[in-house]
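In structure tokens below, several structures.
Both of the next two complexes hold chain A, though its partner changes from chain B to chain C.
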Partner chain A sequence: MDYDVNGTTIAADEEGYITNLSEWSKELADVIAVNEKIDMNEEHWEVVNFLRDYYEEYQIAPAVRVLIKSVKKTMGKEKGNNKYMYELFPYGPAKQACKIAGLPKPTGCV
Partner chain B sequence: MADGDDIRKMAHPLEIPRLACGAMADLEPFRAKPEHQEPLGFPGELVENWKEKALEKMADIASKNRAFQVYLETCVKCGACTDKCHYFLGTGDPKNMPVARQDLLRSVYQRYFTFAGKYFPKLVGARDLTEDVLNEWYSYYHQCSECRRCSVFCPYGIDTAEITMAARDIMAHIGIGQKYSNEIIGKVHKIGNNLGLNPKALRATLEDLEEDIEDETGISVRIPVDEKGADILLITPSADFFAEPHIDGLLGYAKVFHEAGVSWTVSSYASEAANFGLFIGSYEQMRDISIRIRDAAKDLGVKRIIFGECGHAWRVGYSFLNTLAGPFDFLDQNYPVPQHILDFTWQEMQKGTLNIDKSRNDHIRLTYHDSCNVARASRITDEPGSQFEIPRNVIKAVCNNFFDMDRETTHESTLCCGGGGGLLTDDLMELRRKGASPRMTAVQQVTEDHGVTHMAAICAICKTQFSKIMPEFGYEMDSILSVHQLVSNAIILTGQEIDDEAGEGE
Partner chain C sequence: MSEIKKFLYVNRKAPYGTIYALESLEVVLIGAAFEQDVSLAFLDDGVFQLTKGQNTDGIGIKNFSPTYRALGDYEVTKLYVEQESLDERGLTLDDLQAVVYEDEDDDWEEKPSIRVVSRAEMADIMADQDVVLSF
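After this line comes the complex of A and B, so read on.
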């Protein structure tokens, strides 16, 4: 299940997670988001950017709670909660937002 | 799928469905790629002489595991198990009747290893091992969560889970593994846990959680990592470091340890209780994962090992740990090796070390889901029935409103959450939904009868599965709770100042 970004093919696995993380770009994120039926707004980007920064530092996506804490700081209390995260990313911030951010899928009992 | 993706409406949790032949025949989880197979010592793809290799492996399992052979040879087709599987109840596919699922392998075993099957195959329903049969195995042996409910009702005690495990083991050995489980096991070998949470990330996460406790309570409660010389090593599913509501359970353990005044630590090397080696039926994988725990305990010089809330981890811990990775003679023999966190907490409660305000859970009307591997494959202490009583004792000690579900769906008869046994993967979501419907029907009953709002569980898989599934049945995502989350809500830490607003205790 590959993506097409302006004529360039970006390889992804069966579930749409890109296989070469260095191939990520903002344009690709938009393409993945369309595929996920998500209309990216500023708040989606805020989350995606946080995930990417965190990943760069720790080589793994943050726990949802850590993400929410950061969102609380930047977007305020009414948006810094699990419910709002699921409004932004209906399939879950951990998986769906990671996919758009070009990060590997969190594995395990999560 | 023939009958689409709809969840069956059930009049009661055990209502027998109309048969839907072949309804789930097309469903299978993603197959492992060479990069998931090879690090585990399995061939990367289907080997050329796969049939010979598969039969060789089957013979090997039968020779080493007498139970497997007995299970294959004893079934008298009495039918007692037919309506006991939640996947059959939820899908109506007759191949999900435990006996029929077992027969997918039994028929092949008969063909090659029994007199009647060798010479009169048609007479006994013995089948050649063909590619179609192999594909059928892959599909239906990933529609069994190894929950062992059927085996409770089998007059011979035939354990379907053992047959499922053997089938998966045979398949992995000829190059057909399941991506979800094998990718995860690879991460445990490489990084130490299912998630791939490295030591730096683990430390950062736990520091963050310490901050959360302090913000909530005003008390500094530690969640130590790799602390040499600590008395207790906590082995807990890595979901406890990552997912909701698992993390709240971890905070509960931390508060209990803090109040009990014991020194404890988690290990970044053995940062996983889960042992997917069990799910794929691989003794070698199960052993290698278990040995990490032993090595960590030795390195850190601990005296005790305590397991957090995790179902199959506890089965491996309680039933097999000593065989797989023992002897544990270097630990303090005055304590169980390993000990369950609920046993620890219940003892502290009886000693009176915990200051509990039950009313802090008054916004919750609770039921409890017995996790299959704790309920049917282990006890919590040596006492028979402790696996049922101790969780309920702890719950009742911290929660005023507790209501058990239909007795035919609890204790040893508990229904699987629908995501156990290596099936908690997005590519099996349809099966997970349908398989959860018997359990969810039982939950809906207690909601109708007693106004139940929440359900607690002591297994990471159950918790994740229900947080995905409960919303489809009209519940909030956070209706599923960790038992130690309830404990965490109700504990008042020494020195903690209570403001009345905190009754909602997160």
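After this line comes the complex of A and C, so read on.
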């Protein structure tokens, strides 16, 4: 399932995760988000950027509980909880947010 | 939920060239979700998995060594490294990257995850496990 960003085709796997991580752009993130039926606002971007930073540092997409724990540590408990995350990304913060962030599917996420 | 078991993942191979090191790390990350008592052992060429300054540009493989530093987030905080294996390869603790975790019971103080142990101590650690998985 590929994406089209201003006429350029970006390859993705059958679940919608892009195959070449270096092809990510903010424009692509918006296209993936529309596909996921998510209307990106500042709160969504905050999580997406957090995930990209995490991947840059550790070379993995974190599991949901690790994501939530890390967000709690850096952004506070108002944001580092299940309810907040699932309101932003109803089909799973790790799954959907990672997809939008252009990361691989989180390790151990089925 | 059954009682907590002690799992030890034994790593004996160099990080690249075979898939064992990466597979072990991925199993550890997946297994961490099951809230068991998880430890990792590094011996023989496995000690090279933790060396700092790894650069895989020339072999076209992802450098996954930064991922060991995420283990603390997954509550995997015991990385046993065998002293004799380091010695035999001319390595010391200084050649390994720093891996730390935050101790929840001690005001989130950062503590080292890597513990260098002797071959005899490693044998005792292995004997003490419920499950030992070799990679």
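Just so we're on the same page, the second predicted complex is superposed on the first by the 101 of 110 C-alpha atoms of A that agree within 3 Å, B and C clash if a C-alpha of one lies under 4 Å from a C-alpha of the other, contacts with A are read in each partner's own complex, and residues count from 1 in each chain.
As a working rule, a contact is a pair of C-beta atoms (placed from the backbone, for glycine too) under 8 Å apart; a residue touches a chain by one contact, two chains touch by 3 or more.
Here the structure is a predicted model, which is why all the values come from computation and not from measurement.
**Student:** Scan A:A11 for contacts with chain B and chain C and give back first, second, both or neither.
**Tutor:** Touch partners of A:A11: none, neither chain B nor chain C.
**Student:** Applying the document's definition of touch, where does A:N82 land relative to chain B and chain C: first, second, both, or neither?
**Tutor:** After superposing on A, A:N82 lies in contact with chain B but is clear of chain C.
**Student:** Who does A:V34 touch here: chain B (first), chain C (second), both, or neither?
**Tutor:** Touch partners of A:V34: none, neither chain B nor chain C.
**Student:** Using the superposition on chain A described above, determine whether A:A94 touches chain B (first), chain C (second), both, or neither.
**Tutor:** A:A94: touches chain B, not chain C.
**Student:** Who touches more of chain A, chain B or chain C?
**Tutor:** Of chain B and chain C, more residues of chain A lie in contact with B.
**Student:** Where does A:S70 make contact in the superposed view: on chain B (first), on chain C (second), on both, or on neither?
**Tutor:** A:S70 sits against chain C, while chain B stays out of touch.
**Student:** Name the contact category of A:M1: first (chain B only), second (chain C only), both, or neither.
**Tutor:** neither
**Student:** Which of the two partners, first being chain B and second being chain C, lies in contact with A:T107: first, second, both, or neither?
**Tutor:** Both partners, chain B and chain C.
**Student:** Name the residues of chain A shared by its contacts with chain B and its contacts with chain C.
**Tutor:** 58-60, 62-63, 65-66, 69, 107-108
**Student:** For the complex, give me every residue of chain A touching chain B.
**Tutor:** 14-15, 58-60, 62-66, 69, 82-83, 86, 94-95, 104, 106-110
**Student:** Under the definition above, what is the set of chain A residues touching chain C in their complex?
**Tutor:** Contacts found on chain A: 57-60, 62-63, 65-66, 69-70, 107-108.
**Student:** Show me the residue ranges of chain C that touch chain A in the complex, using the header's touch definition.
**Tutor:** It comes out as residues 26, 29-30, 32-33, 62-64, 66-67, 69-70, 73-74.
**Student:** Within their complex, state which residues of chain B touch chain A.
**Tutor:** Answer in residue numbers: 30, 180, 183-184, 187, 193-198, 200-201, 204-205, 208-209, 212, 237-239, 241-244, 246-247, 274, 310, 424, 426-427, 460-461, 463-464, 477-478.
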